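Residue numbering begins at 1 within each chain, and the chains themselves are lettered A, B, C and D in the order written.
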Amino acid sequence: MFDVTRYAIAAQSIVDAGRFLYDRGWSPATSSNYSARIDSDHVAITVSGRHKGQLAAGDVMVVDLNGNPVQSNCKSSAETLLHTVLYQVFPDAGAVLHTHSVKATVLSRLIPPGKSLELEGYELQKAFAGVNSHEGRLSIPVFDNTQDIPALAEQTAEWFRAHPEQPGYLIRGHGLYTWGATMADCLRHVEAFEFLFECELETMRVRP
Amino acid sequence: MFDVTRYAIAAQSIVDAGRFLYDRGWSPATSSNYSARIDSDHVAITVSGRHKGQLAAGDVMVVDLNGNPVQSNCKSSAETLLHTVLYQVFPDAGAVLHTHSVKATVLSRLIPPGKSLELEGYELQKAFAGVNSHEGRLSIPVFDNTQDIPALAEQTAEWFRAHPEQPGYLIRGHGLYTWGATMADCLRHVEAFEFLFECELETMRVRP
Amino acid sequence: MFDVTRYAIAAQSIVDAGRFLYDRGWSPATSSNYSARIDSDHVAITVSGRHKGQLAAGDVMVVDLNGNPVQSNCKSSAETLLHTVLYQVFPDAGAVLHTHSVKATVLSRLIPPGKSLELEGYELQKAFAGVNSHEGRLSIPVFDNTQDIPALAEQTAEWFRAHPEQPGYLIRGHGLYTWGATMADCLRHVEAFEFLFECELETMRVRP
Amino acid sequence: MFDVTRYAIAAQSIVDAGRFLYDRGWSPATSSNYSARIDSDHVAITVSGRHKGQLAAGDVMVVDLNGNPVQSNCKSSAETLLHTVLYQVFPDAGAVLHTHSVKATVLSRLIPPGKSLELEGYELQKAFAGVNSHEGRLSIPVFDNTQDIPALAEQTAEWFRAHPEQPGYLIRGHGLYTWGATMADCLRHVEAFEFLFECELETMRVRP
């Protein structure tokens, strides 16, 4: 059983995030899915296939950390397990956002298999929790896309247990996953990633 | 004779679509035209030459499936037949949108005559009705532009009778046609196409 | 003496145009100037140096067709004569807009001296008054920038007396001039030009 | 001691600037910092780490021209000294804005060490206070990024004492600093810089 007020607050943070992310063009055409932690065992998450710029109370449901619906007959996002494993790996994670921008899509397709997206020398790296200087380097992994979500969930969990200092990952041709202690932190991470993706692509445009 | 309430609902969906599509920059300078099915014989469609971001009740009229005005002295879009043949070919189509974006225009001019726009490996292909995986391939035909609309209407009808699984087409230097069971489905298709057009162009920008 | 109601309507059309054009990013940093005809001898025009997204009643004044202030102590735009000669050359012109977008600036600098911007095969050419097909060609002249506005005014007047069918011109590194029978027509021409500029630049980006 | 009404007006100009700059995408992810002069000894400045699109009264504080907090327990921006030295070097400066756009970031990384960003032939150069023609040339210095702010503050102060006619500077991979007699002037400078950065990058995109 979860606290209903905590659920309502988590759900509202998801609805508000959807409006912001859709307006930026990062969650088009019913793509993307979002979640926010209610407590150690429960997560609020978007119902499958909803318009992310028009989310309302009925578009958010509850799942446990194994991805099973709790007190709901709705079907959660097909990618629910990609969210729940992150809450398992990161006990401090309070929100997980999966977005689906043109830039994340294109960049993830341009990076060769087996390579990460390497980011360094950007002041905005400091937008990520725990990063205090532009002098470090971020290595953002790119996982191959698949419709086998349990397998991908396990793959990401294993990778982040080994690399907990990295703030997110890409799925090839598909988009970004990132998280944060609060929804505000998580949204700041999305903004920072999108900024850095655009910087990388703009650099490639003028220096192809 | 058509049901007036059904007409009013169809017309409102067109007015609302116009505001969305114009704000995105996909229907500039009185370009584009939109329609929504009223019943098996009637379609609501934009009057010729109107500002698509400022549509009001007087900017939508009714035509039959041969493109003839019904209970109206207005002149419908010059491209009315491109709409009506789609309602004939696809009995389940409830809405048809023709948009006119920079990306559709440029991409359609870059594709060599006789070639289609091939889209594959994008998760967002799943935004199209009936597509369940990123692993398939979409082949979007590009028809040469012409001011002879009846001939083009016939050409598109013939093509889609043979390829009903494809969700839309381009006219060279002119724009996109797509459809859906409902206006919401059709708008999702426009969003997905524009996303994929931008992905293709962005890839060409950085890998010219 | 001019009709005050006609002045007020012209001034309002300028204020509204400013909000639209600034929001699109086509009149940044107090650049640009706009005018609307009051009668055969008088034109409402923006006062020099005002923020185009925040125009109010006090930011529009009246000049005669020689560019002299009428019933005003304000200083009109430094480029006033570029407007007034167009009203002289085109008796049917009801509005003139000069915008200052990144695309017009960059494209005008890329076109070699003595060459025009050639536009053909675009359906959107039909957005210009008097154009009925995508099959024609527009030749948009590019004049060198100068701070000697009377000389440039004379140069443009001479050119358009010889080529009245062309709907606008560029000044190198500076921006676009276009006009129309009404402010709505003129705004449609700006939108069409900006669309076509973006198409040309996008094509150059992917086929450098 | 400073005049409280002057503080309140300065703080409001910062809050309003934040909303504008964030909406344009020039201050993402809690980046950027802004200040406005209260009097010859005091400056209102943003508190460290706040969301620039959501600034409110509690997000602005007062510092003296050595960067020390006045009547406040808050921590001002880590880059406070970069602001205060500009008020020392330019007694007429009424506002300083540091923004953090993709374009400033990418362009500053593309310019070779020791080189400036050279801008010439743009009509919009006239948007900078004191520039009356497109025929001059602006040389915008690019300083290497560092987390040692006192050293960078001294470096910029020395440079602008020698080159007071230049309207701003870049920090590599980090962003823009510019100033103006009023906040409106300073915002106009940001707009002009962003316009010119985009022009430069667009030119490089199509002529790589």
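Here, contacts are C-beta pairs under 8 Å (C-beta built on N, C-alpha and C of every residue); 3 or more make two chains touch, one makes a residue touch a chain.
Since this is a predicted model, take the numbers as computed values, not measurements.
Number of steps on the shortest path from subunit B to subunit D, with steps defined by chain touch: 2.
Homomeric contact subunit A/subunit B: same residue numbering on both sides for under half of the interface positions. Per-chain Cα centroids separate subunit C from subunit D by 32 Å. The mean-CA centres of subunit A and subunit C are about 46 angstrom from one another, to the nearest whole unit. Chain contacts: subunit B has residues 205, 208 touching two or more partner chains.
On the side of subunit B, the complex with subunit A involves touching residues 121-124, 127, 132-135, 184, 188-189, 191-192, 194-195, 198-199, 202-203, 205-208. Contacts from subunit C toward subunit D in the complex involve residues 28-31, 51, 100, 102-103, 105-106, 109-110, 145, 147, 171-175, 201, 204-205, 208.
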